[in-house]
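Next, two complexes with subunit A in common: one pairs it with subunit B, the other with subunit C.
Moving on to the complex of A and B:
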């Protein structure tokens, strides 16, 4: 403390930044943004407890209807250790949902890539599908949930279809963009040398398409997951979305909040532990393409100044993650 | 007869345009045709009503006066929700000018950006029940961060020179904000608004499914429970078309008009 004081006393107070150094340590710590960030969590907990009390008092019902942070923590701990009142424990429900997500993901990638390549290569094919793909892109997951649950009933088919329908427009649009950004020269040259169309697709198109395919996979997974949860909620008999609704129907707020946290944690893990390292590994050989510049005339994305320097993928994800 | 290069280019372009329009119209015919054909053949008509049936149902609902009242209820909720979200989000964005508050709210904004609306819808439904501020808070919690991010971004690019000059000339805080900060932020505010609307309408419909006795979401849910697929489809499509129209045509037009004086923004 004294060392800091003498040091700052010796230094000439020319820049405004230096002058703050003269503040006593306690005050400096109090003012630091890092402390503020740490303080956020206790502030939320206190706010939570106070508003619990206020709500219970003002409406005059038993406050046990509301959940306390400790209850939520206990619930999450019990779920993680596999101890649950619900028909299936956390791992089983997420397992069921992940299987559906995987199946839907594979279908949407295969069909979407085929359609996307077609749309990128031929203007006629593009014009044929364009408006419908754009409409699909803006369709809320809720619409599919209600529609498909009536047609397909409770089972695996509805959720898988929902994943496909939610993810496929993003795959198509990205792949199409990838095809359009393939180096024209290489294509022309291979045509001039009489390379067969199949070989051309394999050796010219696919390598340059790869970053776009990866971005498409990312979308298909994260948006498909959101669609999956919603359809399981309305037309399912098991899976993560259904279990979420199970706690809602049982009117157990701690269960609903706990499951919400699992969803958020799952999304974070999927993004940071699974997708991010894979993308870093896969694109190590071409660092400039680590973040492909995906441009799309997306009906659902508003062009807006903020985040303009970030890749468009973040924007879409933000928009789409909400429904 | 000699053909100039210009004519060749023109002819090629014309051909290109016809190909594009023909395939586009063909696309509509094939998709709508398949849909109409599949209804009653591939799936029962009750499960997959065709486009003509949907149009009929829409007219029926309109004659019953249901459409107007449902739209009214939903739109009121959207306007209220987005307005509050906008105020909260903008206030937070202004607060984060301060480094301390920026640190404090950092995680709140990250959570607000990443958590899906469904979570908030169910939590607020349990806490607030059918009270009107339940859905409202769900909409606010889902969309406020988008406004905050935009406002904060706008603040990050504030013209520092002008502000420094204002400070040097001892212009008051209120006037400084009124004449420098707000005009600079206007485009960011506007896009923040559009952005929160595009998410807001989806969340609103979702809240209505759980905690409302009026509105489009409520009608959709009732139709689903009663197994009226044609009504489900009609509500979905009506609102989908409306929201897209509002977002892409109305808001875009307003924005273009509003920022005509700043060409670099109006052009986007």
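Moving on to the complex of A and C:
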């Protein structure tokens, strides 16, 4: 009985690979997620061209008002090389907006973290701010855009405030939940072993807050960016949102689409070049998401007889990796 | 060896209608090289007592002194489940509770890690390591706590692992002059390990204080141990502590 179980368990890790090998090459390529990801772009382009044609045919107007993928590409290429008819080129425009975003982000993180910690620690502080944080969460970015440009004018102040007001409620709520969910048992352990309060804050509270601070930063950046573009569009003289509207006013669809693409590229770069590497560094201790979660089953030796046959040191590695 | 003196210790949680009495006027003295087990049903205040002894909780009233050779003792604590900082390595977890991070301390931590072979008992072992290399501002005087609190440390282990760890714990206790206060809900475990058993009942009342006079090591399959266990269980019945 034992022998049969061991044998089946040892062969089982290989069986899925073997079944893939039996499929014909063409079918395997078609089923691969990587190909599906690559295929998305041509699919969009084809859909774009077909709908251009259908719209122009059914409304019967000059199809040159509609932008083709080539026109958008040419526009984006010209912008990237600094050749533009807009008052400021791509780099100046994004420079202005990034400065506003950065300043607003720093303010919303600093003030939001302070308020969040206060609200997480004290019921009275929480009661004082709670309704107003909820009100901020419910406020649409458009309302801030109109309100702030009316009272602060068309300079830098309005956009910076828009970033702060859009992002800060998310920072407050995240940090507050983080403080509330700090591991009590770890604090008790530190107390029982006589660890100093300062060391407890530095090594227990802060690391347990990091995931929440990180989520807060992501929200503050993405929601802040949306708020910024809207206020620049409605009440600005420059910046990414304003330039977007410049192309809209000039009735240049390729400019509108091209600028939206720049927004998308900006978001992707921010995520993959800035946020993701930092998050990987800070959360190195966490088990990665695609790693199989085997520590529980590891105890259940009968279910995984192959594991039971391994030497003790091998199992150690598995558990240490998990931790 | 340490001396614990508890007089009229009272602990309540909550206020008004939510008030719960966790410990009611407990008077107790524990001193010398003893292994004391605290048994009782869930919610009888066993863990609360350990938390008060270790300084995690403060009593509502009453007094408590823990001394070791005339000075304030620095006890170690084995929690029921592992209490580790997941963002630190095993070694850094051990060093976290150390006041001094010298190479001597590191070597000592390494020694105990080697001793317990981090295997399938990883959770409990890591925690007990924290105890053995426990905190100390003056490590020379108390680098290994002479007083250890243990809160159901074997309750989540399988019977065989728990049995071998109980043996190890006993031989460690016998080889040193430690005072151990051990909370458990397993009467058999208490009889096997301790020379004194304190019986607590619901409401945090200390019902009985039993001395177990049997030679160590005590094998659970040994007749004398089985009889002793039956006697303790009989006391439980007399005190009406067993659910019928």
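Keep in mind that, in the parts below, the second predicted complex is superposed on the first by the 218 of 323 C-alpha atoms of A that agree within 3 Å, B and C clash if a C-alpha of one lies under 4 Å from a C-alpha of the other, contacts with A are read in each partner's own complex, and residues count from 1 in each chain.
Quick note on the criterion: a contact is a pair of C-beta atoms (placed from the backbone, for glycine too) under 8 Å apart; a residue touches a chain by one contact, two chains touch by 3 or more.
All figures in this text were calculated on a predicted structure; none of them were measured in a lab.
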{"item": "Which superposed partner A:193 touches (first subunit B, second subunit C, both, neither)", "value": "second"}
{"item": "First (subunit B), second (subunit C), both or neither touched by A:203", "value": "second"}
{"item": "Partner chain in contact with A:281 - subunit B first, subunit C second, else both or neither", "value": "neither"}
{"item": "Per-residue contact with subunit A, leading partner among subunit C and subunit B", "value": "B"}
{"item": "Touched partner set for A:264, first subunit B, second subunit C, both or neither", "value": "first"}
{"item": "Subunit B and subunit C contact sites that coincide on subunit A, given as residue numbers", "value": "299, 319, 323"}
{"item": "Of subunit B, residues touching subunit A in the complex", "value": "16, 19-24, 26-28, 30-31, 43, 47-48, 99-108, 111, 113-119, 122-123, 125-127, 142-143, 146, 149-150, 152-154, 187-188, 191-192, 194-195, 198-199, 202-203, 205-206, 209, 220-221, 224, 227, 229, 232-233, 236, 240, 244, 247-248, 265, 268"}
{"item": "Parts of subunit A lying in touch with subunit C, wherever the complex brings them together", "value": "185-186, 188-195, 199, 203-204, 207, 285-286, 298-299, 312, 315-316, 319-320, 323"}
{"item": "Subunit C to subunit A touching residues, read off their complex", "value": "51, 54-56, 74-77, 79, 81, 83-88, 90, 96-97, 99, 117-120, 122, 130, 134-135, 137, 149"}
{"item": "In the complex, subunit A residues that touch subunit B", "value": "31-37, 39-41, 43, 55, 65-66, 123-125, 127-132, 135, 138-140, 142-143, 146-147, 149-151, 226, 229-230, 233-234, 244-245, 248, 251, 253, 256-257, 260, 263-264, 267-268, 299-300, 302-307, 318-319, 321-323"}
